[in-house]
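Below you'll find the structures, each written out as structure tokens.
Below are two complexes that have subunit A in common, paired first with subunit B and then with subunit C.
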Partner chain A sequence: MSQQPAPQLPDPARTPLFYQRGFRSVLTQGIYVALTAIVLAYVIASLDLREFGFGFLSEPAGFKVGNQWLVDVDGVTNSRITMYLVGVWSTLRAVLVAILLATLVGVVVGVARLSSNWLVARMAMLFVEVFRNTPLLVQIVIWYAILLVGAPVIQNVLNVGDFLFLSNRGIAIPWPVPSDGLWGAPDWFVGIWVLALIAVGAVAMRVRAKRQEHERETGRILFANRWAMGVFAAGALISFLILGVPVSIDRPVIEGTSYAEGMLVQPEFAALVLGLTMYTGAFIAEIVRGSIQALPKGQTEAANAIGLTGYQRLTLVILPQALRQMIPSVTNQFLNVNKNSSLAYAVLFDDLFRVATIVQNKAGHALEMFFVIIITYMVISFAISAVMNVLNARVTAHRI
Partner chain B sequence: MTQQLPAPQSQRIVLPPHRQRARRPRSVRTREWIHRNLFPSTAGTALTIVSVTFIAALTVGIVWFVFFDANWRVITDNRWLLFAGSFPHDQEWRLWAAMGFVFALIGLSYGMWSSLGRKDHLFIVLTGIAVILFMGHGGAAFWSSLWFLLSIALLFLGYVIARTIGHDRARQRSLLTRVILLRFAFDDAFSLRGGFDKTVPIQTRARAVRVALFPTRTGANRIVGGLLILALPLVLVILLAGGGASMRELDGFVLNLLLAPVGIVGGLVIAIPLAIGRASKLHAIKWTCTAYIEIVRGAPLLGWLFVALFILDDIIGGDLIIRTMVVLAVFTAAYMAEYIRGALQTLPHGQYEAAQAVGLSRGQSLRLIIMPQALRISIPPIVGQAIAIWKDTTLVTVILPLRELKGNADSAIAQSEFIPDRIEAYIFVAVAFWIVAFIMSRISQRMERAQGIGER
Partner chain C sequence: MTSEDTASSEPAPPKISTEARPEPGTMVPERLIGQPDIITVSHVDKWFGDFQALDDVSLSVKEHEIVVILGPSGSGKSTFIRCLNRLEEHDAGRIVINGIELNEDVRNLNAIRSEVGMVFQQFNLFPHLSVLSNITLGLRKVRHLPRLDAEALAIQLLERVGIPEQAEKHPAQLSGGQQQRVAIARALAMQPKIMLFDEPTSALDPEMIKEVLDVMQELAESGMTMLVVTHEMGFAREVADRLFFFDEGALVEEGTPEHFFTSPREERTKLFLSQIL
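Up next is the complex of A and B:
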């Protein structure tokens, strides 16, 4: 075959300016920026910005915020920003609890959907179809209605072994509190014990890593996880005794028509968390199922072939691999939990969104309050994504 | 013991006659199925027993609640309130007209793009019967039942029409072809000599007329698609124009049914350019689109409805319902744009290069090569988002002074006699939303399967 002459590209210098790529790009973007600027200018011009500013947030609040925990503000002397931060704290609590519970529910239901037991698989499917296809708002108000109307009044409270009480005042559960212990340990011993726990945990992780390494080198089974758990339990118990039992479990009791001691989970909080848990749990279950099904069937077969039990197959072969695929979608669901927690408004749980609307009601400044709301949600979302990214990096550290 | 050898999938092994076993009788197979799926081992049996106990308790609880404990009068007495709220009673026919139009359209599109299975048909028929029972219970029920039946009839009419015209597989047919066909059918009838030729069978003539007059499949697709796009404005015209209801009188389930399509269709319309913009090489466009998507996704929908209530009034004005619709569309668009962008990224780069190689301009390659594929890939998440926005229409009740189904359920249980019946009212709301969301998710699954999405 004879050598063909290379095709002649047009000389860039002689292309008319209008057809040059660089000029085109500048022109398009210029027009685009101008149009965007016009729209923005129109928006800004139509807003009333004469009183724009965030000074109103430091004025005294003048309203109460319910559902407080570990904080005590009455709203008389506190500023609006303080009340808002109390709301943020409530949101954080609800989101954190809901995320943990939803993950648990999601993994259990997702695995159950693939169970070889026909009944269990069907029940899991029913769970997913029911909770995924109904509005979260309605779910939350149903839980709230059940907890308020369906639960017994406090006079005939539902008593689960003097351990847990359920009535329309809420759910009372045991809760750890600092105690005097054996020789009158001061309250700050709890802090020392927590530090000791962290140290013991680090030691346990180290033991686990060592034994795992040894396992890999020698091929002998050294029960790394059991050893780590044992070390942790022993360390925790010893430090607990040395510090003179600084923590005791406070069981709830009924005094007249109200709960005392223990920890009261208010119906609003319980309804919000239940709603978020079930709704998000259903979505996470679908993600778990999808990522397990996406694994090659050979993985299950190989696990069977080397004689693993069903539980071992799940925890050692299937879930660790499925986790890699799950984390991005599950992160998305966690971010949704954060945003959906604003539905607390419907059950009058004083989360950040509701406190913000109360502030807006009292003081106006809707635009500023909106900025505050969106920035808070973005910060929380960012924190969740950051944690999940770290987790993702750890899970995907080993290439398959 | 329960481990089974994997059955060979690719080829059937034909056993020699002396080793062939007769197909075991049905009772044996059933027993085996039960053994394998319910009682495979001790743990499996325990699991089954626990599940059976749980299911039995749940069933008894639900039956007890539904048939003995619950007071469903909170629903039946407030039918109109829940369905249409403050929609003026003397304009009721508008609702039914709109419903008939929408049903006919559903029938048409269903006939065109039928994608449901037999089980789903059964589900829809049962739902229809439930709705008739719900609407046709006491009061002025006779007329509403009649209207509803008429709407169902329109649904079937649309289906039949779509089936009749939809099977013509030709892509297009020129006007000239149509004229020639018509001439073939009627030429002799108008000729001066001989008159009507009786030897040509009437069926042949009818067929020629049908082919000449009816649209081809592509044409029918376009017509139904256009009607679907026009459906919402038309429904609004039917409801509001010429002395109908005012904007604020739209509430109850009708409001949910109006808001969700606006969010979905409006969102998709905004999302497509947004996704293209986000994938653009031009920095100004890319960054503004990214900022839009991230900011909208950063705040919850309630936050944006807050904007509709307090801030958007100064910018675009208009009725609160209009502002809510705008917010819903803008909100949905950000999520859908992300899904479409994801699909754009998964397209092999060769598609872009091939489009360029055959000399398509950038606009042409987007319109003809890239977007059709990207949209096809992103159907499942987009339908998921559509279901999400359908459920999220309940949120307008929370901070806006709009009353959709959940809001009107709140009004129903505010009546003094129904105060203890809030669980019943909310469960009804949940079921109403569930039915629509379930049908949507079924259609999505069917579409996925039909398009082979997710298969390798």
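Up next is the complex of A and C:
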């Protein structure tokens, strides 16, 4: 192959420093850093930081918080940080329950919006438009008013089959509680049973993996899922019996003018969770609808062509694909649930924000308290994102 | 002014002479004489809003017959075969397949979907499922076969279409030709009496078209009743028993490949064939 003679070029002209790209970028970033430093220095200089410190948090609280669950603090002997953590626990409960319910509501309503049934589709649309287009704060206050004023007084309690009670004192539902069981099991046996369940679950997963691996090698069908479920059920039952039946279901009863036994969902908690669920559910419904509509029409046609029923088409073909695509958008909604939970303030639910403001009223130190509040919300958000990212990585392992 | 005057002053627009067309079934090739009709279509109309997609289509197809449907884009040929498994609902006329009337009766709809398999231009495999699961889904959920039996059948079908080694992969990991062969296997898994192909090679690279056509030819030789919408004239010439030519929603001409490629009767058929050959 003959070599082409290299074309002759004049010597390159030297670019002046000011016109060099690298110098430009260093210059603009330098200006930015300098301006930021000036503003920061001014802010710090104007703050009175002589009192700055977190020592006030370990002093006795001197106030009470409501809506406690699995904790028992009176606020007299407990420190302020303990009370704050009780508030964090309340926020976590509300956020977790609201996320689960909002997802359920969102998927059902989102699918219903695409129903070929005119009435179902219109009802779903009405739901979305009402809950998406009104302020969450207003919704929470309305729910609270309904539960507090609209619900009957306890003398006229609404009794659903001796199973669920509704009055203006809240909603009472059955709940599992530690019991003496067969031979007087102490309460902490419940904890042991929960640990046993986790261990049995791990064993069951191991059995499943083993059998799946064996199945791939030999080609024989070894029913990995059924074996895993069997192992788990057997392990759960045996450990339950060995521990002497340490759990029983406690049904609520009315004693005079108050509830006893069972689990009491207080109006504040219910109003907050209902508000977050319906509001976020409406947004998730639109995400679900969009994800389904974004699927190629051919998927529905192919499912029809092999004779799947409408329900099979939805659960086996459409939703498995749509749910994968919507994870990033739904993560945003979950983060909004976390942040919007601070509206608990309006219905006097003692979430982390309300407890923190009480602490700040009593002890001052607003700067430190807001620092703590912001860090707490961010940690919860990061935890939600982390879980959703793991989920996303799992379901997108195969490009679809 | 009399009615005769009106008729003479406005000559009727030139129409396809339906009288000149042989009655459906009269052109059946020798090998199918005596076979029963498996598809009967009678005066079918289909509208999309103001647009008439099918205009008074009547025809019949014999069991084991290979029919290729030709026509320019927008001629209604895809709409026609999509009506045959009720992916589209016809607005007028009757369609009877293997004795089952296509109508509002949901039992008939379920029955027809198990008689008729369909292969799409865009494959339409389920991207979240492995190749094996794509094929076994219908077997397990509609036919209620145990997994072991369903998978054995799926592997058999994958061997038939020549790609048993791809069973564990996902559709996105396969070439277009391989995906279309999986789609054929998926349709065959339901053991249909009739297979519909809606431009099965139109989305494929040229070197992959042959592998799909080979599978279709093997299927034709095995005695399957097939209706194929395609522009592959080689396939039409060699494999088809009969060709239907559609234009503007109407069945314009039907006949054997020999008739079509040597002496087409209608002007529109001649024009179309001159553009495509």
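For this structure, a couple of remarks:
The rule is short, and it goes like this: the second predicted complex is superposed on the first by the 326 of 400 C-alpha atoms of A that agree within 3 Å, B and C clash if a C-alpha of one lies under 4 Å from a C-alpha of the other, contacts with A are read in each partner's own complex, and residues count from 1 in each chain.
Keep this in mind: a contact is a pair of C-beta atoms (placed from the backbone, for glycine too) under 8 Å apart; a residue touches a chain by one contact, two chains touch by 3 or more.
These numbers come from a predicted model, not from an experiment.
After overlaying the two complexes on the shared chain, residue contacts for A:339 are found with subunit B alone; subunit C is out of touch. Of the two partner chains placed around the shared chain by superposition, subunit C is the only one that A:296 touches, whereas subunit B remains out of contact.
Contacts of A:324 after superposition on the shared chain: subunit C is touched, whereas subunit B is not.
In the overlay built on the shared chain, the residue A:116 is in contact with subunit B alone; subunit C does not reach it.
By the touch criterion defined above, A:304 reaches both subunit B and subunit C. Within the superposed three-chain model, A:312 lies in touch with subunit C and out of touch with subunit B [touch as defined at top].
Looking at the superposition, the partner that touches the larger set of subunit A residues, subunit B or subunit C, turns out to be B. In the superposed pair of complexes, A:221 makes contact with subunit C only, with no contact to subunit B. According to the touch criterion, the shared surface of subunit A, contacted by subunit B in one complex and subunit C in the other, consists of residues 301, 304. Listed in rising order, the residues of subunit A touching subunit B in the complex are 25, 28-29, 32-33, 36, 42-43, 46-48, 115-120, 123, 129-130, 132-139, 141-142, 145-146, 149-150, 301, 304, 339-343, 345-346, 353, 357, 360, 366-367, 369-370, 373-374, 377-378, 381. Across the interface of their complex, subunit C is touched by residues 221, 296, 298-299, 301-308, 312, 316-317, 320-321, 324, 398-400 of subunit A. Within the complex formed with subunit A, the residues of subunit C that make contact are 85, 87, 110, 113-114, 116-118, 120, 122-128, 137-138, 141-142, 147-148, 151, 170, 172, 183, 186-187, 189-190.
Put simply, subunit B touches subunit A in their complex at residues 3, 6, 36-38, 40, 44, 47-48, 51-52, 54-55, 281-285, 288, 295, 298-303, 306-307, 310-311, 314-315, 387, 391-392, 394-395, 397-399, 406, 420, 422-423, 426-427, 429-431, 433-434, 437-438, 441.
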